[in-house]
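Below you'll find a set of structures to go through.
Two complexes, one shared chain (subunit A), two partners (subunit B, subunit C).
What follows is the complex of A and B.
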């Protein structure tokens, strides 16, 4: 794990990121990967009060919802960064969504999956330089739109 | 060239049908759609009456099912969040559906609420956005707002505008513990909720309000609305959703993964005791209510109630929000610190309390008192 502070946020630059949905992917090896949400995604949603995560065994395509969240009356999907089958979900974060804010790369992880198409990894933002550049641009963009903490 | 949006008008929708149609409209706006229709605005009413709970609420906690049976009230679950509401001929349902712009959800709610604000302005009602998802007039809620984004990138903005409201009926059907508030229950709701009828002094039904809200959307967004019916595809999609989701007891009666917890704390003022009631969900304040012996609920406390909703129970944030809401006023001749302390104490009690009453959550308008 390599943490760097980018635009005021601590992020792990070793992970792969879905550039639009702010979902990260950690390849654990042996056909297993962990999925979570990055701090920018968490911040733009607001305080999450409820979270539902799909059960293990469900196979989903990239972009399909593996769960839903409720934050301040907004209900929205949590979407797969790559296609795969859910192996386990994090009950700790489902019962305490505050973990998303407190530890987005650690205890706040969401699900673990068996990716079905490793070629999809190439669709994600990866590599320290690219991750930093992408994240900085998002922070700038969201800041300009007034989407970050008031 | 002026943009045209679709306008759909329905009346007396059954609970499951009304909700199914809203979601069916979304199917045309996903990223996979090859020909995206113009945005859709649906202005409609439900059959009198329907009790609709929020996405993650427990039905048994929110509505008195025996009272629903007795009064013929249908029960449904919305895809959007928030609290339980009563819908019928006196409440106008608003559903705006389009492709979701890349904006923060809370900003999207504010954006589309402007159509309603503009419409109400046509009647001389000055509504303002309050907290994260309410429209208020003079400190009283007149419309609730909600947002649902699906995985395909479509957006559903929901609102319920109170043309009128039978508070007594609401207290009967929604599980508001009137027994604990006794004869103060109606007054307490009246202090916090208003209607178009009350604000204008003219009796309004939701259907009478519809054209006004349509004009509000046209003026606010500079578009022209044209009336349409559901397409065959939308109708078929609504049929499926009605059958497989919104009429399915598995959807309507699903259990929330994490129910609310309630806590209270009291503080003394020169004017008597004030009690703060809090409903906490996963560490986030879902509702706050101040009750006491005051003749009139101080406006600053109403502001604080609203501002504290959907905020994590964090001492610094609670303190800052209460300070701002009070605006330097000394409410009931006591310091803001005392109010902050009581809010935190009630929250702490809620968070550590065993789920002795795990099913009680309180309504959109009014949290549990206990």
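What follows is the complex of A and C.
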């Protein structure tokens, strides 16, 4: 794990990121990857109050919803960064969504999956330089849109 | 009609300092906190938002004890831990709030100070109004606490730059008001005083500058609501609709909210009374007082529904007469259907509204052709 502070947020630059949905992917080994949400994605939703995660065994395409997340004034889907089958979901974060804010890359992980098409990894933002550049641009963008506290 | 149950929506609060009280500290709605960038966040749907709501804050809390209110005196928990309208209202420093109003003035549409029943409430409201007025010219309303007011105080609000007065009547009949706000464990309120303030405010501020908040789902009938809407509109006082949304642990925390069908029909009836001049005689009710007929030309009703306007949030207007106070997700969770829309409903929204309304029976479309 390689942490860097980018735009005021500590992020792991070794992970792969869905650049639009702020969902990260950590490849754990052959046929298994962990999915979570990055701190910017979490913060721009507002205070998260409830979360629902799909049950293990469900196969989903990239971009399909593996859950929903509800904040004080927002509700939206959690989407698959790559296609795959859900192996397990994190009941701890489902019952305590505050984990997402407190430890987005650790205890706040969301699901583990078996990816069905490793070629889709190439569609994600990866590599330290690209991740930093992408994340910085998103911080600027969300700041300009008024989604970040000042 | 089916009763609707919802889960509580309470977000974590801040660490509370008992010295952080009005007038130097205030609470602001969560949506306001996002708009003024006190909090990060966004709305599910993308729309312009500039209606800022603030609430006076006291260590002792509100002196009233209304059965349905999150701030009720006897609701369990410390005042600072209580939600109001079911979400956290962040506590902010008044001067910083005013500074941010100035920074974001171009996008602001309406400001509203909500008083609470407390001995310092009037003087603090004046203080805060003066601070705001010295900084921005955005239209400013006060949602008043009648027990704290006299006619002279209402007149003073006008002289310092307040342009509209709201009165949270909430319960629409005297009997219901007594049950929920007068005959309570602590902090009784009085129907007569509320009407005295409505009448004084109407005299002082003039036509369509006063609004009475009415809460749908407290136990009233549709007939009760329509009767009150008619009386208020006759006197050029706006009825503003709110949907009862149970506050967890309040005495009405387990009380079901109004069904969407009932709510949509009440929204429509209120709009027809306010905008098209219908009165209580133009509506038919069954023995229980449920609205079962609108005795108006179907074209008129269909046009109102198609406009989408009846289903938008009731609130004080912005500088150009546009909806100024829109309270997004104020009486429903983001995961629930919009009760009132903080923007003009889209075509897709309109389909849902039509299903909710089931209008055919109400206007006799099953008996007449449109345009007959």
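One rule holds in what follows: the second predicted complex is superposed on the first by the 148 of 150 C-alpha atoms of A that agree within 3 Å, B and C clash if a C-alpha of one lies under 4 Å from a C-alpha of the other, contacts with A are read in each partner's own complex, and residues count from 1 in each chain.
In this text, contacts are C-beta pairs under 8 Å (C-beta built on N, C-alpha and C of every residue); 3 or more make two chains touch, one makes a residue touch a chain.
All of these numbers come straight from a predicted model, not from anything done at the bench.
Asker: State whether subunit B and subunit C clash or fit side by side on subunit A once the two structures are superposed.
Answerer: Once both complexes are aligned on subunit A, subunit B and subunit C clash.
Asker: Have a look at where A:49 lands relative to subunit B and subunit C in the superposition and call it first, second, both or neither.
Answerer: Both partners, subunit B and subunit C.
Asker: Is A:98 contacted by the first partner subunit B, the second partner subunit C, both or neither?
Answerer: Both partners, subunit B and subunit C.
Asker: What's your read, subunit B or subunit C touching more residues of subunit A?
Answerer: With both complexes superposed on chain A, more residues of subunit A are touched by B.
Asker: Looking at the overlay, does A:63 come into contact with subunit B only (first), subunit C only (second), both, or neither?
Answerer: After superposing on A, A:63 lies in contact with subunit B but is clear of subunit C.
Asker: Between subunit B (first) and subunit C (second), which, if any, makes contact with A:72: first, second, both or neither?
Answerer: A:72 contacts both subunit B and subunit C.
Asker: Would you check which partner chain A:90 touches, where first means subunit B only, second means subunit C only, and both and neither mean what they say?
Answerer: neither
Asker: Superposition on A: which subunit C stretch among 96-104, 132-140 or 240-248 collides with subunit B?
Answerer: After superposing on chain A, the stretch of subunit C hitting subunit B is 240-248.
Asker: Which residues would you name on subunit A as touching subunit B in one complex and subunit C in the other?
Answerer: 44-47, 49-50, 68, 70-76, 98, 146-147.
Asker: Where on subunit B is subunit A touching in the complex?
Answerer: Touching subunit A from subunit B are residues 31, 54-56, 79-82, 103-107, 109, 132-133, 145-152, 256-258, 281-284, 286, 310-312.
Asker: Where on subunit C is subunit A touching in the complex?
Answerer: Spelled out, the residues of subunit C in touch with subunit A are 7, 9-12, 30-31, 34-35, 37-44, 87-88, 328-329, 333-335.
Asker: Please name which positions on subunit A make contact with subunit C in the complex.
Answerer: Within the complex, subunit A contacts subunit C at residues 43-47, 49-50, 68, 70-76, 98, 146-150.
Asker: Within the complex, which stretch of subunit A touches subunit B?
Answerer: Going through subunit A, the ones touching subunit B are 44-52, 63-65, 68, 70-77, 79, 94-98, 101, 142, 145-147.
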